[in-house]
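So, here come the structures, one by one.
Shared chain: chain A. Partners: chain B in the first complex, chain C in the second.
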Partner chain A sequence: MEPMAGEWTSAAHSMGTTIMAVEYNGGVILGADSRTTTGVYVANRASDKITQLTDNVYLCRSGSAADTQVVSDYVRYFLNQHTIQLGREATVKTAATLVKELAYQNKSFLQAGMIVAGWDKYDGGSVYAVPLGGTLLRLPFATGGSGSSYLYGFLDQAWRPQMSKDEAERFVVKSIALAIARDGASGGVVRTVTVNEHGVERNFFAGDKLPLFHEEIPPGRNSLLA
Partner chain B sequence: MFSSAVSTTSAPNTRTSQPIVTGTTVLGIKYADGVMLAADTLASYGSLARYNDVRRIQKVGSSTLIGASGEISDFQSVLDILEGMTREDINLDDGYTRTPAEIHGYLRSVMYQRRNKGNPLWNQLLVAGYREKPFLGYVDLIGTAYEENFIATGFGAYLAIPIIRDRWRADLSEGEARALVEDCLRVMYYRDCRASNRIQIAKATGAGVSISEPYVISSDWETANFDIRHSTRGSDGSSW
Partner chain C sequence: MSTIGTGYDLSVTTFSPDGRVFQIEYATKAVDNSGTVIGVRCKDGVVLGVEKLISSKMLLEGSNRRIHAINRHAGMALAGLAADGRQIVTRARTEAANYLSFYGEDVPIKELSNRVAHYSHLCTLYWWLRPFGSSSIIGGYDMDGPQLYTIDPSGVAYRYYGAAIGKGRQAAKTEIEKLRLAQMTCREGVMAVAKIIYGVHDEAKDKSFELEMSWVCDESNREHQRIPTDLLMEAKAMARDAQEDDLDAF
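So, the complex of A and B:
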């Protein structure tokens, strides 16, 4: 018999997570699942793991929910001041470097795997990975979180450079849906954020409307009582 | 006078970090024209071959190369420090730039100091360059530092060094040096779980410093009779 206070009542909030960002022909698409867990309990089934840093730069968060929230708060604060002082919008590289700096200098305290992505007029769409340890890598696409383990084979085979916006978004949604199918720590809905020269667009893909894969049954008659 | 209602505990100071995103072997050999460094372009995440295009050999100034194995974020931090030094050389504009040997000596101090504070930069670095004569030096996370005619970090110390010892001469031509280093990296690819076949070769000579674009080395699975369909013997190349 499980005691009243299980391990999950005191476990840290972790975002099991699948996160992803892809550079496409004209901008970036960021995507994430929406499950936050404390142990095996789903503390929030509709979290938003894609956080705004500036008008043109967003952050995907995985790992400790608290750690990534604090890092993104600091970086948003620094970038806000930087933008005022600079007199124009911050670059994605600057935002990514700030995230890296916090992650690297506090590496023994943090458990945060992050992806910084956005659009600026100098480099167009850019994606930067900041994994555990605080390495900074600019990549054509990046994944993170526990669910990303299940995507390496798929992405090695299916990713192509210079996708169109719609192709890239479908690609992101399909990838995260695949990860949700196999990773217990990922689930819920798929959220996407598209950033390009025209601005920012958020999208939402409900959990029961995601593409279906092996052994998943399509919705039909939902109840034997109907 | 009064006791605090809440005990104040500061965060545990865990400094000796553990490497997370890592690179494997870097090789260095002196040859007729100068020094050559070689490494693959893989950064691993434990056993996962995570990032396939990581440049573990970089230029420092105009006459030095640095190659790193170990934690990539710490290597990036070392590169930042060195970039600051290079910028200083340029801005002082007094006709002098730091030599490869000076950079090696400086990194040695940095690495040893960090080791003494219990907060190492988790790397094994090769510093290579050419300033009147070739230079090849090693520095690592505990502050070990030495110069040699040929050096390998990580697994390469076990696999590649014996091969190099057999074939090295001070007057190796560039072609011979490249072949030697490629052969070593091929053995690394066969026998090191954390190696890849996508490599870079860099050289520092009197003419300057250059790093090749990454390319894929060949591998041989035929001659050792691994294909059991053609064999009456054991299925793994053995004779029984």
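So, the complex of A and C:
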């Protein structure tokens, strides 16, 4: 007989995920999908995978939802104290180093692929990747999660330095949409966060606002509804 | 001489009735009896200078350094008991290295000074420890520009435009106040510091001395280093001439 409860009721919450962050002319843009899964069940179809660490630094989370939540809580706590002691805002580099330290020292316990991005007055907009294992790598753009596999070729070809804010945001939304189209563990909406010297701006792109690709059916009236 | 705290000065964990901790004040006296140490913050960096009193002609020139590097962009000049100073330098170096390791960037000078001050203060809280008989002047250049701090045996850090500690500090402070530091470059600062140290040196009371100087400025690529030899020679020569001029004028 089949068991009453499926495997998904006891599986850990994972964020299949597509996350990315890019530097543009004046700041950074972080982007992510919104699907959280336990096995094949979508536990949350509108999650927010972009978490605030300080006023000027944000974190994209992929991998185990629990692990990344705990890491971000610790780093937010350390940075809060650090800011008070230093008397000025923390730099993106410091935030990224703290994330790296936790990821590296606890590598055997964690399954967390993260991207730290933000703006500070010393280095401008910066993006740091902290993949599984706890490497720290500063990059002009970074991507992570299961959906990122489908993006490497696209990004290598399409990314240009010093994009404008609107250009960069369109670029991020298009990339996430491409990954959602092919990766079953990514889906839902696209959330973006823009961080620059003027502050922080959050954006939300529901399914009907996303670009369509090869053989995708447009929303609204289409052949399926006939 | 000055005040004596009869009975209330036996332990650093005892206050006097008028709210003083005499042991800390006595520790400061050890600093006041040592050679003068000066720091000035110019518009493009910091210059440190030490009047290193030579106790014996047999001492090798350049030994017994009084200025130490903490990390690439910060240095520390010491006055007072040399061994105590050595301990403080070691601690400052450890703090700077730990900060870099944990936060991924060079320690801000303010943070470094606070940590050294915290350490000095620690030794004023327990009866089984004595306060450090050493004050330090920290000169450094970080993301927020050049900065100058002093830390005394009581464990307080102050930020300065110009600072002097040691036996000639009163005279040195007067001279420093005359300088227009915000307009001076470090090159000019080096000349001024050399002149001041030669000026406050008491020929009658003390024997010979050696001038030790360092800087951290735009010209040194924001790295703490000893003054280049030719510049040091030039500064010493100018300072010596200035002293003779003053004597002649008299």
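Rule of thumb we're sticking to: the second predicted complex is superposed on the first by the 217 of 226 C-alpha atoms of A that agree within 3 Å, B and C clash if a C-alpha of one lies under 4 Å from a C-alpha of the other, contacts with A are read in each partner's own complex, and residues count from 1 in each chain.
Throughout what follows, contacts are C-beta pairs under 8 Å (C-beta built on N, C-alpha and C of every residue); 3 or more make two chains touch, one makes a residue touch a chain.
What you see is a predicted model, and the numbers here were worked out from it, not measured in a lab.
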Touching partner for A:S108 - first (chain B), second (chain C), both, neither: first
First, second, both or neither for A:T135, with chain B first and chain C second: first
Partner chain in contact with A:T91 - chain B first, chain C second, else both or neither: second
Touched partner set for A:Y122, first chain B, second chain C, both or neither: second
Which of chain B and chain C A:H82 touches, first, second, both or neither: second
First, second, both or neither for A:S34, with chain B first and chain C second: neither
First, second, both or neither for A:S72, with chain B first and chain C second: neither
Chain B and chain C contact sites that coincide on chain A, given as residue numbers: 100, 136
Residues of chain A defined as touching chain C within the complex: 82, 85-88, 91, 93-94, 96-98, 100-101, 122, 136
For the chain B and chain A complex, residues of the former touching the latter: 11, 14-15, 17, 19-21, 43, 45, 48, 50-51, 54, 71-73, 76-77
Contact footprint of chain B on chain A as seen in their complex: 100, 104, 107-109, 129, 131-137, 139, 149, 152
Residues of chain C touching chain A in the complex: 102-105, 108, 110-111, 114, 143-144
